[in-house]
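Read through the structures below before going on.
The two complexes that follow have chain A in common; it is paired with chain B in the first and with chain C in the second.
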Partner chain A sequence: MSNFKAVGSRLLQLAFVLWAVVTILFLMFRLMPGNPMAAYIDPTFTLEQQQQLMAQFGLDKPLWQQYLIYLGNLLQGELGQSFRYRAPVGERIFELLPNTLILTFSSLIVAYAFGILAGAYLAWRRGSWVEQAAIPMVLTTRAMPEFWLGMVLLAIFSFSLGWFPAGGTRNPGAEYSGLLDLYTSRDFLAHLALPAATLAIYSQGLPLLLMRSNMLDVMKEDFVTMARIKGLSNWTVVVRHAARNALLPVMTSFAIAVGYQLQGNVVVESVFSWPGLGRELVNAVAASDYPLAQGAFLMIALVVIFMNLLADLLYAFLDPRISHA
Partner chain B sequence: MTEPLLSVRDLRVSYQVGRNFVHAVDGASFDIPRGSITGLVGESGCGKTTVARALTRVIADNATISGGQILFDGKDLAKIPEKEMNALRWRDIAFIPQSAMNSLDPVYTVEYQLGEVLRRRGGMDRKQARARSEELFDMVGIDRGRLTDYPHQFSGGMRQRVAIALALALDPKLIIADEPVTALDVIVQRQILDQLKELQTRLGLSVILVTHDISVVAYICDRTVVMYAGKVAESGTMQQTLTAPSHPYSMGLRNAFPDLQGAASGILTPIEGAPPNLANPPAGCRFRPRCPFALDLCGSEPPVIDVAPGHPVLCHRASESENLRIEAAKTETWMARA
Partner chain C sequence: MPEVAAVKTSVSEAVVPEVAAPRRPNIIARFFRTLRLPVNDPFAVAGLVIYLIFIATAIFADSIATHDPTEILYTPSYDLAADLRPGQDGFLMGTTSLGRDVFSQLIHGSRSALLIGVTAAFMVALIGSIIGLVAGYFGRWVDAVLMRLADIAFGIPFLPFVIVLAAFLKPSIWNVVLAMALVLWRDTARVIRSQVLTLRTRGYVEAARVAGSSDFRIILRHIAPNILPLSFLYGSIAIGWAILTEASISFLGFGDPDSISWGYMLQDAFASQALAKQAYYWFVPPGVCIILVVSAGFFITRGYENILFPKLNR
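And then the complex of A and B:
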């Protein structure tokens, strides 16, 4: 019962955050310098034609009215028309979103799976030469900029060795019957490998170091000592008791990392010409395609907010002290 | 007297601190007879918890058992291989920790934690483990329905009962209870001690109760081992060590504590000073700097004198204990030193 109440109050908070994001986005693009219609309206148009177009987009109305129209449209899932593509923004975003999500989640899942296991292992082998060699290496990967790492991987595995394609999501001319067919194809996975590897290498440091330091803390806890006094096997002590408890904060960091990663994607998607939301966002801002940029921002914010909710729910599921409080 | 269950001989445990070694336990010897509750008492830092943990051989990373024997059931626990020791843990020697809150894993239900021991260490299947868990909860007086609760849902006293149930799970021969009631209020302390005593008598267990609290020892124990600065000052029956103690330190302890019964039997007299730094212990008798009866003679290593069979005392003046006891009962004796 209290669970439902907690989820309900979280959802309410979420709605508020969403409203705030939407409002800031609305104001941000209207306060930015430059005429949003500059890219759309040909200077050779007559003043009347220009005003007619402004009216058509609702730009002649006062700000508060524009705001209400904007909110009303959003509630109906209407994100407006892209200036550049002259097509609905929603369509374009939903075309690109899966690419971004696949890249983000595949790289993060690999990074977290590796980071958690390696972090737990390094904590267990504390003080050994393996640990002493591994920690500087991890710190090095944390320090490498994503775009640089991406270019190095491209130079080695694509341009010199030719093992992987250099960019895009599929070979030119390849046709697939549907999205699922595309995403499970060898072609797509080969294209995914390098950008995903770049992001994974860049992101594994956080879960690894977090897991390691949590493990070191948890290993000092009384219940771990007690597990040893109980004569439980080393595996049971380390995995079932120490790692299980050390995992809790790492899982929360996953959700936060998704939000962080979506920003990182902007860079990696550009390096690998990956047709995702991040690259589109950059292009849209550069081209003053405000409806599209606004839509892309909103979508990214939605994913981040949703992942935070998921983290909260996951934490409650993993830690009985929270769900039964 | 029959063969004791546990016989500790000249046990030495040292901690490495930087480049130095601190001998937290420096030649402790005592016996634990079968079917008794033995109180292991002494002030903080005297080595009592280190002794308790050394018996399980789960000690701090920087600690080593550097000498002596721990004879348990014909085996020397200080020498047997780790595998053999691990087979013995919890099946023969169980442990009740001080803070049951921190020693129960917060993310598993109590039933899971009982089941873990029963299945992994006791070889039971799920169904047997379930039945045994219910039986154990009945024994310690907790409602069976609470088996599925998590540790944080129990009160402090209840958690301590859970810890007792855990310790009893595999019918061990020896239970080591490290300050089992220290974190609890006096009323709950008494309930838990009564429970422990009742179970000990009924199941014929041997218990080592580690505590700094003389009133707890007086309330429940049959025998006492008094430790001071890494050594056993004296050990024997309650009568020998607390009612009529022979070591000046035990005499001082007696004056310094009220009893759990509540009857304030006069003024409490503290032992002035602090225990010695074990990284650099004083020569001779370690209690000498605080002892009102110290003589020049006490500057040399004190002998172990058996003032009665089964009642060894580590003191030069052990044979004069009858006279010293009369002096020790006076508050002035202890104040004069300060």
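And then the complex of A and C:
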């Protein structure tokens, strides 16, 4: 029963953090320079549109009332009208979300598959020259600016060798009957390769280092010694006994990595003109399209917050020794 | 190196004034002992050497640079010195599309990187340490309030936050420092808090309390010196974060247009089609400099961890 209570209090915490982030967002966009109405109304909107938005967001009312209206609108998923697209912000965001998620997950899956295998291997070869050379190299990939890595890959594989297209999600003029059709096309995958590789090279360090240190911990445990005493082969001990147990915390870190990746996407999407949430946020801020910027920020924050929660819950669920206190 | 000395003294003054009290003649030796610099780890030493070169470059940038980094230059035949390859007309690393010297920009870029890195790291370490100390020591509602603040900070996507902040404030290199001070203290604070929780039950802290020491004195005298290496550890991670963040922000076009930084160089190169022109001499060096400085921080950090947490030392 205490588990239920713990999950309940964690959900309460989630609600609190959500409220706080939403409030910070509200204040940030109200304290910006210029007319407070600029957060929702573009001077080029028709008078009728302007009045409708004024009423919808209560822009003529005092700040605290605006705040309550803002919260109410958010609960209904109402984020306002994008200045540039002349369309509801929510619509635009859900249009872009799949692109960002595909980029994020494809790169993270590659990164985790590689990181877990390489991490386990390095733990196994602990103290060898391979390990001595590999760890500093991995740390170096963590020190790279992601967008710079993207630029170098672009210059080599796109501009120099011409193997991959330089940006976007599809060739100009290409038409697809549906999303599934697009996402499975050669064209799309060729566009996906470089940005996904950029993010994967940057992200593999986390699972690799985690896996390695977990393996080293697990290898010291009694049940591994026991397996060795039983005379099991080195392979069986490392893979069947140690790696399986070392894997759990690495898998929970996946959730956190999704949150972090979404932030890193902001720059990489810009380098590759990948039409995702991050690039949209940058463009919206640069073009003073405040409702869209607010919406994109909120969406990214939502994913980060939920992924943090998921990581916490997964961790406790997969390893019952962790208490919820 | 005067800059480092200045920062270190201010750290010691802010967190442990007693250590810096004038009546102790060997304060510098004591201070370095308290920091426990990792001099036995070859990678950490390499990291320290990179840092020294980096700091020296930033200090003597004016004498090292061959040109004014923002000046538009001309070749001896009075043509605009645009897109020259390395070595052409005496430009060591070539020129940008607007005829500026890449080498001089690279050298001057070390200044803003050092400035941002050190101040942001100092702010993050200082704020994180103070919040962690106060939360861990006083516990109860103080702890609850501060840790809920940390929860909120963990819920804010950092890079998007910096972008919005940088767009709304005047373009300045300090936006990155401000954003880091507002958000990134969270990791430091959590770690320091948990460290303080174990420290405050130690015998000597109990003894000091019984002997009538004030809370303030116990924190400064008995607890803070023990967490100083941890603050330093998180500070050195923050240097790398600050430089990477500044580079990202400048690259996205929200940086200070008046200051030459490595991120600005990359943005300039990207916007000027340097990739299509195969101008590797232009966009590779700033990235390499960033990697060198940031990974130097990582190596020093790792050396530190081995000293601070010998259990991890393998």
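We take it that the second predicted complex is superposed on the first by the 281 of 325 C-alpha atoms of A that agree within 3 Å, B and C clash if a C-alpha of one lies under 4 Å from a C-alpha of the other, contacts with A are read in each partner's own complex, and residues count from 1 in each chain.
Note that a residue touches a chain if its C-beta (ideal position, glycine included) is under 8 Å from a C-beta of that chain, and two chains touch if they have at least 3 such contacts.
Keep in mind the model is a prediction, meaning the values are calculated, not measured.
Student: Do chain B and chain C fit side by side on chain A after the overlay, or clash?
Tutor: When both complexes are placed onto chain A, chain B and chain C end up side by side without any clash.
Student: If we overlay the two complexes on their shared chain A, which of chain B and chain C does A:V267 touch? Say first, second, both or neither.
Tutor: Only chain C; A:V267 stays clear of chain B.
Student: Considering only touches as defined above, state whether A:R228 meets chain B (first), chain C (second), both or neither.
Tutor: first
Student: After lining up the shared chain so the two structures overlap, which partner does A:G162 touch, if you call chain B first and chain C second: first, second, both or neither?
Tutor: Once the two structures are laid over each other on A, A:G162 reaches no partner at all.
Student: Roughly what angle, nearest 10 degrees, sits at the C-alpha centre of chain A between those of chain B and chain C?
Tutor: Here the answer is 80 degrees.
Student: Looking at the overlay, what does A:V282 touch: chain B (first), chain C (second), both, or neither?
Tutor: In the superposition, A:V282 contacts chain C only.
Student: Which partner, chain B or chain C, touches the larger number of chain A residues?
Tutor: With both complexes superposed on chain A, more residues of chain A are touched by C.
Student: Between chain B (first) and chain C (second), which, if any, makes contact with A:F147: first, second, both or neither?
Tutor: Touch status of A:F147: second partner only.
Student: Looking at the overlay, does A:T236 come into contact with chain B only (first), chain C only (second), both, or neither?
Tutor: first
Student: If you stack the two complexes on chain A, which partner ends up touching A:L18: first (chain B), second (chain C), both, or neither?
Tutor: second
Student: Please indicate which partner A:L216 is in contact with in the superposed arrangement: first for chain B, second for chain C, both, or neither.
Tutor: A:L216 contacts chain C only, not chain B.
Student: If you take every C-alpha pair with one atom in chain B and one in chain C, what is the shortest distance in Å after superposing?
Tutor: 13 Å.
Student: Under the contact definition given at the top, report the residues of chain A touching chain B in one complex and chain C in the other.
Tutor: The answer is that chain A has no such residue.
Student: Can you name the residues of chain A that touch chain C in the complex?
Tutor: Those in contact with chain C are residues 13, 16-18, 20-21, 24, 28-29, 31-33, 126, 136, 139-140, 142-149, 151-152, 154-155, 158-160, 213, 216, 259, 262-264, 266-267, 270-271, 278, 281-282, 285-286, 293, 296-297, 300-301, 304-305, 308.
Student: Under the touch definition given earlier, write down the residues of chain A that touch chain B in their complex.
Tutor: Against chain B, the touching part of chain A is residues 221-223, 225-233, 236, 240-241, 244-245, 248, 318-321, 324.
Student: What does chain C use to touch chain A in their complex?
Tutor: Going by the criterion above, the answer is residues 43, 148, 151-152, 154-161, 163-165, 167-168, 240, 244, 247-248, 251-254, 263, 266, 269-270, 275-276, 278, 280, 283-284, 286-287, 290-291, 294-295, 297-299, 302, 312, 314.
Student: Of all residues in chain B, which touch chain A in the complex?
Tutor: Result: residues 56, 58, 86-91, 95, 97, 99, 102-107, 109, 116-117, 120-121, 150, 152-153 of chain B touch chain A.
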